[in-house]
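There are two complexes below, and they share chain A, which is joined by chain B in the first and by chain C in the second.
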Partner chain A sequence: MNLRPHHFLLWAAFIALMFAMPQFVGNGTLRTMIFACYLAIFAISWDILSGRTGYISFGHPFLVGIGAYTTAILTRRYGFPVEASIPLAVLFTMIGGLIVLLPALRIKGSYFALVTLAVMELMYQLVPVVRPDLTGGTRGISRLPALTRGAENGYYLAAGLMLAIALFAWLLMRTRLGTALWAIGMNEESVRGSGLSTTRLKSFAFLVSAAIAGLGGAFYAHYLGTITPRAFFDINVLFQIIVAVLIGGAGTILGPIIGAFFMVFMLEWLRPFLPGQERFFVYGLIALLLYMYQPKGIMAIIDSGWAKLRGART
Partner chain B sequence: MMQIIIQGLLLSGLYALIAMGFMLIFSIGRTLNLAYGAYIMVGGYIYFWLSQQIGMPKVVGFLGAVVVGAIMGLLKHRLIVKPLKGDPVAVEISTLILAVIMQSAVVLLFGDASKILLPIIPGVVTISGAQVTYNILAATVMSWVIILALYAFIRGTHTGRAMQAVSMDQKGAAISGVDPDRINMITWAISGGLGAAGGVFFASYTQLSPTMWVAPVIISVAIVIVGGIGSIIGTLIVAHIIGFLEIIVVAVWAPELRGVFTMLLIIGVLIMRPQGLFGREEH
Partner chain C sequence: MNALEIRNLVKRFGGLTATNDLSFDLAQGESLGLIGPNGAGKTTVFSQIMGELRQTSGTITFMGEEISTLSTPDRIAKGVSRTYQVPRPFADLSVRENIRVGLMPDSLRAMIFGTGDTAREGEIAQSVGFATADLDRPATELAMGDLRKLEFARTLATGAKVLLLDEVFAGLTTGEIAMIAELIQDLRQRGFTFLMVSHDLPAMEPLIDRAIAIERGTLLANGSFKEVLADHAVRASYLGEG
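This part shows the complex of A and B:
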């Protein structure tokens, strides 16, 4: 595992900082941060599969959506308590993802991206049509039971969930399993050549990624209180998740979190200057330029800046 | 019955046209150009702007759309694809970002509400009991003309054959004296122009809206993947399979299920036969 004392110190400082936030900022900012936390969870989930193994998933909103819809249907239509519906949502996301996307792991590159994109679009078209009495059709499901009240508690929940998931992902990636996933991204043939079952590894990455997406999706649905097909199975949701990972830095744990906060807050800060649609135009443009400038994201920019600073000092 | 056949033929012609431009780029670079939908959208809007808001003749509007599409294709190759050195993942993601940027640019310029395009040629004709507007008929005839011209160009001219060579083996083509860079640029420009032309017809078939780019991209992806990379005939055949599939589902089942079978077809074919029904083996 190769854990060092300073790792624990850094994590403790990070967790303390996140939990101290409500003391310094107002409720409006907290609500923005809640959204950033959930986006970070989805981004971490995407990164575990796509950022590590290089299999680009264009269908992640599909997994998030299954989690959200499962808990919504169970609580609203069948009267399940939240304590039971959220674990079930995670389970359903894993099963759903497994059935639909596991065959897709046999194919590579752009084809994998395409199958996942098709699955997401299929879901968007099916959800309003199949059993509208359960899914609520295009209008979705509203009045989901809330888990917490007030911005502050909502923030503690979202930030706690995000930190727990980030810590879990960080520990997982430090095991030999994490290294093997990395290696698949580098060269799949040679991983298979060294006697590891790449299919098993990829399925594992997929399951972990699906479980995190389902967990995040379920909590997010309860936070929002209302879900609709367009709010989940949409290419714009996909865009936000992928951009958060790439801007932050794929293949790192902190990267997706930084990316999610950066993108969400940039959108907020642009609001006073550009109230309308211009905001999304500028937002997309900044994302594209940043990506073209450094495809490895903010983490790489910080790293190289840090290296330069240290180089200058010695 | 006649209604289904005629509508199926009309829709399939349109889909074939849209898929052609996408197929060219996919076969030459193996990259999913998600911004292809942006050409379709921009084509439709440029036509709308020139012919309906400024009041230019429709031909000018159409040509303007094609030229803008071609320029977009060129710019994209110069500014995004070349600097990324053709890394497929990076190109896919940057095209996704670009498509979303174009979407918000369209909202910025034309507003959020969807717009109806006036028929390119007004009037209705009845063919054996089926009502067909001249507009859609013209769109289908035009797409067939464009497809046949493209086929002749790719098969018959030196540049077209060079495009095929580059799509099969970039290095081999370079050794035989073809400049892959120049061919790439030509292909991107043609693809952009085709996308914009398809966009004008597609917009007149449905309507103009800032989110109209998603559906055609997925349909062209489906057609190209199922048809097989680099096969014009495969693209044509599968465009008809998907066009008829959609019309039949709408006619005998439910309009909401329109896209469902298309998606199932893509997923099924990709998993069973990743090289497509009519494509060549990839090594």
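This part shows the complex of A and C:
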């Protein structure tokens, strides 16, 4: 895995910075950061499958939604404690994803993307009408048990979860398995021609991605307290996840985090000037310009700046 | 025991017969040239041996064991591997990481918890002619000759003893052809077995013990390089004579 002392130092500094935040910012900013943390979790989850292997999933909100709805139904309809409902939500997301999306991994490119998009749209149409007594129909489910009280505790939970997931993903991607997933994105035939079962590798990446999406979705649902089909199985959720990864830098761990924070805060900063939907237009334009300037995202800009700095020193 | 035994191999794509009742053997340590005009079905034969294409009928035996129904990774694990007409490197990975993919065991647990063998990665890179300074170069920076070497290295990293080389000299300069030819000769001396396709017959001739010629998937001739090239049917189909 080739871990060096500076890796641990950088991670420790990052964790310390995240946990010191409540000392410097107000509750309003903390609440914005909570949303950014959850978006970062979904973005890391998407990146493990799509950013690495090149299988672009348009159905990721479907996985997030399974996690959210499972824990909501179990806690509100069946009285499960949250400690049991969240692990079950992760399990259900993995199983649901396996049944519905895994077969789609046999097809490639835009076909895979379209199938996953169709699955998400199907879910959006089905959830309100199939067993509305369980799902709450279009009105969803409200008064979910909260995991924390107050913005600060909510922030610590969201940031802790995001950091734990990021560290796990970082360690996993530094193994040879991470290299193999990355290689699939470059040339799947050559990976198979190197003697590796790409079906097994893609399935594993998909399961890890689904587990993280389900975990994030479940925690997010309890943070929100209310869930509706439109809040999860929606194309805007999908765009936010994908744009966060692309802006930050696909195939990296910090990239999706940076992208998620960049997006969420940019929308908030635009709010006083453009309170309506126009800010999404401005935000889209900024994202597009950034993507045109550096398709590999903010991480590539940071990397090249760092390389120049080191070059200037030597 | 032969390294490879191909018996009555047939591959049909709808109404097109790409491989037509083809049979031949490849002895251990032998280097066999497979020649034929464009569209003769040479690459299709390679793809069937590697399991990338499933044959319509016929059998493929490797070291005495029938492998006709095995997956590509399982065939590679047995010890046969191939290169491609156009090199297929992992562009954003370094030379070392490209070789690492070839060295990986086909086991998730081993890939996650096992430790890589960086010394072995370096050895394989050096065995095909890379310098130590090249190990961290990304594949995107390599010239065509180096990409061919990299493909050799990744193929060797799988542990294969039988190598199928598809259009091994395509796109190379004269100097690069000499470099790759020298590498193949070196590997022959180390006991590797080759089945080789090339349109560059003068370059291929010193590298093979024997040749077979096919046209439209049908065997035309089997013998020494000179015998095969002197064959009337081969000259008619491949060299456009008669």
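What we mean here is this: the second predicted complex is superposed on the first by the 311 of 314 C-alpha atoms of A that agree within 3 Å, B and C clash if a C-alpha of one lies under 4 Å from a C-alpha of the other, contacts with A are read in each partner's own complex, and residues count from 1 in each chain.
Heads up, the rule we're going with is that a contact is a pair of C-beta atoms (placed from the backbone, for glycine too) under 8 Å apart; a residue touches a chain by one contact, two chains touch by 3 or more.
All of these numbers come straight from a predicted model, not from anything done at the bench.
Legend: residue contacts after superposition of the two complexes on their common chain; A:Glu121 is shown touching chain B, with no touch to chain C. Of the two partner chains, chain B is the only one touched by A:Gly54; chain C is not. In the superposition on chain A, A:Thr179 makes contact with chain C only, not with chain B. Looking at the shared chain after the overlay, A:Leu196 reaches chain C, while chain B stays out of its contact range. By the document's definition of touching, neither partner reaches A:Leu134: not chain B, not chain C. Looking at the shared chain after the overlay, A:Asn187 reaches chain C, while chain B stays out of its contact range. In the overlay built on the shared chain, the residue A:Leu98 is in contact with neither chain B nor chain C. With both complexes placed on chain A, chain A has more residues touched by B than by the other of chain B and chain C. Judged by the document's definition of touching, no chain A residue lies at the interface with chain B and also at the interface with chain C. If you check the complex, the residues on chain B that touch chain A are 30-32, 80, 83-84, 88-90, 92-94, 96-98, 100-101, 104-105, 107-108, 112, 214, 218, 221-222, 225, 254, 256-260, 263-264, 266-267, 270-271, 274.
For chain A in complex with chain C, the touching residues are 1, 172, 175-177, 179-180, 182-183, 186-187, 189-197, 200-201, 204. Those residues of chain A that touch chain B in the shared complex are 54, 56, 58, 103-104, 106-107, 109-111, 113-115, 117-119, 121-122, 125-126, 128-129, 235-236, 238-239, 242-243, 246, 276-278, 280-281, 284-285, 287-288, 291-292, 295.
Interface of chain C with chain A (complex): residues 50, 52, 71-73, 76-77, 81-82, 84, 88-93, 97, 100-102, 104, 106, 108, 111-116, 154, 157-158.
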